[in-house]
Amino acid sequence: MKKVLSLAIAAALVAPAAVMADATLFGKAHFIIENVDDGDTDVWGVDSIHSRVGVKGSEDLGGGLKAVYHFEFKVNQDSGSGLGDRNQFMGLAGGFGTALLGRHDTPMKIAQGKFDEFGDLPNGDLANVIPGDDRVDNVIAYVSPAMGGLTFVGALVSGERPDLELDGPADHISLAGLYSNGPIFASLAYNSYDLGQPVDAEPSLLRLTGIWNGGMWQVGVMWASMDLDLDGVDDPDYLGLSGHVKVGSGKIKAQYLMGDSTNGGVSGLVPGFTPNVNVGFPVSDPENDVTQFSVGYEHSMSKRTKAHVGFTSYEEDETEVESDAFFAGLIHSF
Amino acid sequence: MKKVLSLAIAAALVAPAAVMADATLFGKAHFIIENVDDGDTDVWGVDSIHSRVGVKGSEDLGGGLKAVYHFEFKVNQDSGSGLGDRNQFMGLAGGFGTALLGRHDTPMKIAQGKFDEFGDLPNGDLANVIPGDDRVDNVIAYVSPAMGGLTFVGALVSGERPDLELDGPADHISLAGLYSNGPIFASLAYNSYDLGQPVDAEPSLLRLTGIWNGGMWQVGVMWASMDLDLDGVDDPDYLGLSGHVKVGSGKIKAQYLMGDSTNGGVSGLVPGFTPNVNVGFPVSDPENDVTQFSVGYEHSMSKRTKAHVGFTSYEEDETEVESDAFFAGLIHSF
Amino acid sequence: MKKVLSLAIAAALVAPAAVMADATLFGKAHFIIENVDDGDTDVWGVDSIHSRVGVKGSEDLGGGLKAVYHFEFKVNQDSGSGLGDRNQFMGLAGGFGTALLGRHDTPMKIAQGKFDEFGDLPNGDLANVIPGDDRVDNVIAYVSPAMGGLTFVGALVSGERPDLELDGPADHISLAGLYSNGPIFASLAYNSYDLGQPVDAEPSLLRLTGIWNGGMWQVGVMWASMDLDLDGVDDPDYLGLSGHVKVGSGKIKAQYLMGDSTNGGVSGLVPGFTPNVNVGFPVSDPENDVTQFSVGYEHSMSKRTKAHVGFTSYEEDETEVESDAFFAGLIHSF
């Protein structure tokens, strides 16, 4: 019982120079200089692009089973916010695959593979046009082992909003099948969202991704279609093309995205309604065609450090919103 | 002086690949799936249960003295909050014991030892019923060395609210004596809180804990009594019983807690008044009898990883508030 | 392509026990007990004094070039705020010097060298009286290599406030030249701030620092002058003297600061206006003479651990604001 007491106090009060188990500190620094011209203003800026830091680790539990954990935080260099949230979860991994609990990217987001050549960039990211790149709280997720190149990923998301009559363990669902074989990657992903009361709609999203990577070249295509489950509103479709070609120790990359509407929040469609899950839905007007075109060059200074430059042009058809963005940045992963 | 300059710039601008001294990264991942039925709603959810990450270390200063520091943060997986605060302090440790400054669990909280079989769980934690499990800012604390099984822990808390006439170094006090001998653990703890103006009351709390741990079995009892120092309000008493029995590599555990009132905040008792210290006080009605009963099973997958399932029933006598909660979770310490 | 898939999932879902590259965990714990008497109230308190924790690292890119990153956060022990922001940046370092992007101390702040004997202390810090100790977002900075004892540091700061017509890459500028030779350190620093519309003023600040450190003794002098660029307001000047003498394994230190006005925010001068950059400007009345005098003793318990005590007296001439502060603290760097 002496041990109980000394442990209680030691844990609470004294900091012993214990061994760090296998906790791993990891992260990514990504900063850019950018110039964004939206017709009205022409603004220079410096930004942290989803810079992040985290702690992760695993423990072998024997019998092929291991415990895994992962706490990741966003580093905002702009005014006043300390750390933001990224994937934060724990789980068990074994021959059966991996099961986990916490905050996580949806299977649909994972299923994009390496399609997005301009990921994370505020001007350039896939998510500006095509919905489905979501990270959600309160997830129960499962990743199967790879079976003949095929992997299945599924996530159940509890809404935790009894006031909206969202009280189940699977108010929202995201499912994905991924196939990888030699130069080919393909995926099919499906999301179903229960918006709860008073909307009483269950929109769904289907997204297909195909990528061919022959070493020197990569080309990718993504197609997505949303069933809004709302009367009198046309269902939007989305198309994306991306690719790169290696040049020396760098690559030239390009990406074209188009869709029947802005990827915004459901609040635009259902006035006064804030959805209980952070998902992308068309804003206001599904007739508002959107296009985003990006070109860039990425130079590998090492396996962990890259420099890049690029240009993105974004345009909305009906609202006449448009912007041209130049950016140059540095990325270092640790 | 060259060194001064190069240090100033090096410290500020360049990140040298310095040695990590003896800083230790530590933490705990604890996530559950739960179902809570409160009569009106029946809600499923996924939660991070005081998941945490921190940095701690110590330095030998010679002569038996060492410097210790401990920065610990809460990981909230639910929407939007980055990191929260847990114990954050520094101090000196030596033959005289440990003295420290910062944010810390009160000695009364430490003095519960291993009584709480369902600690941290939103449905199950001791603190839902019995007050005294507080973490406070602005603490000067002292932990004596163990003397014949006896340890003394004391904390002085400055209110730092001159507007309430709380301006001393010891507006609040928490004291505890802990005794540990073979299978026996016992503690006596006393808190005194100065609520400041305009309330002009100094409530106090007395808490006794006894635990017997014979290896296979553990049983614990806790008794607490609060002197509210407010006219026309009965002083509440609290009683808790807990225990577990080892079964294979796991343990079956149970806990019963009862009290004369909810453990809430003083704002309920003194309308319009927010106390300057995060302490538990009865809410509204000390006649409102509260009971909380929990049973569970905890399985050790390794020294650092556990799985658990449990059930907690909570009931308030007069308000008729009640809830039944099932939960299953994973815990990994690192 | 199998690798693409497994990487995507591994990165997102499973936490491999990877090697920690050369990420370094670093920080500082600094806590004090203080008593502040401002004539009206006499308040005791416990505070975290810019306690901090961070992650930094560098990677050799070959050819004398390396990538550097540095994410640093403030640890607030007072109520409810998790982590705050300090320097957060990444960059490239080589024979040409260091170039970086992110949030950073201004060159003017760096150019104070080791002048401030009471840095960080809420009562005692240089910044209470003399402006120029700023940390700003959206910085592009450059540090030259040392050339014959001479180093140049420059920072361009984008305002990122097109609503105020601040949209360039260098709305604010901070430049400094630092010279170090044997016992001598000297610096000249210049800041220019564009306040944007509707103020249409570009205040500037000039700051000179000289320090002589002969081993046993150090003396420093700082002079600063601000050009407010506002009609009908006198431009304030500032003077600071600091020094210490070594006594055994400690040092006795003293500092005297005076200025023509409080170092506050520009909002005082321009009612209703919140500046877009965190810089110090005189508050309300440049005729309001300010003096701050501090004495203290600092004892080195090891290279990384110090204990200190001190006293600071602060006085404003016209407003009759004054305070006397005693403090005693512990500092541990890791």
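We call the chains A, B and C, going by the order they appear; numbering starts again at 1 in every chain.
The rule we apply is simple: a contact is a pair of C-beta atoms (placed from the backbone, for glycine too) under 8 Å apart; a residue touches a chain by one contact, two chains touch by 3 or more.
Owing to the predicted nature of the structure, the values given are computational and were not obtained by experimental measurement.
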Across the interface between the identical copies chain A and chain B, with over half of residue numbers shared counting as same and under half as different, the residues used are different
Since chain B and chain C are copies of the same chain sequence, what is the angle of the rotation superposing the Cα atoms of one on the other, rounded to the nearest 5°? 120
Between chain A and chain B, what distance separates the C-alpha centroids? Give it in angstrom. 36
Multi-chain contact residues (two or more partners), chain B: 22, 25, 57, 69, 81-83
Write out the stretch or stretches of chain C touching chain B in their complex. 22, 24-27, 29-33, 41-48, 51, 53, 56-58, 68-70, 75-83, 87, 93, 98, 100, 104-105, 109-110, 113-114, 141, 143, 146, 149, 151, 153, 178, 180-185, 211, 213, 301-302, 304-305, 329-330, 332, 334
Partner chain A, residues of chain C touching it in the complex: 1-2, 4-6, 8-9, 12-23, 25, 55, 57, 59, 61-62, 65, 67, 69, 71, 73, 81-85, 88-92, 101-103, 137-140, 158, 160, 162, 167-169, 278
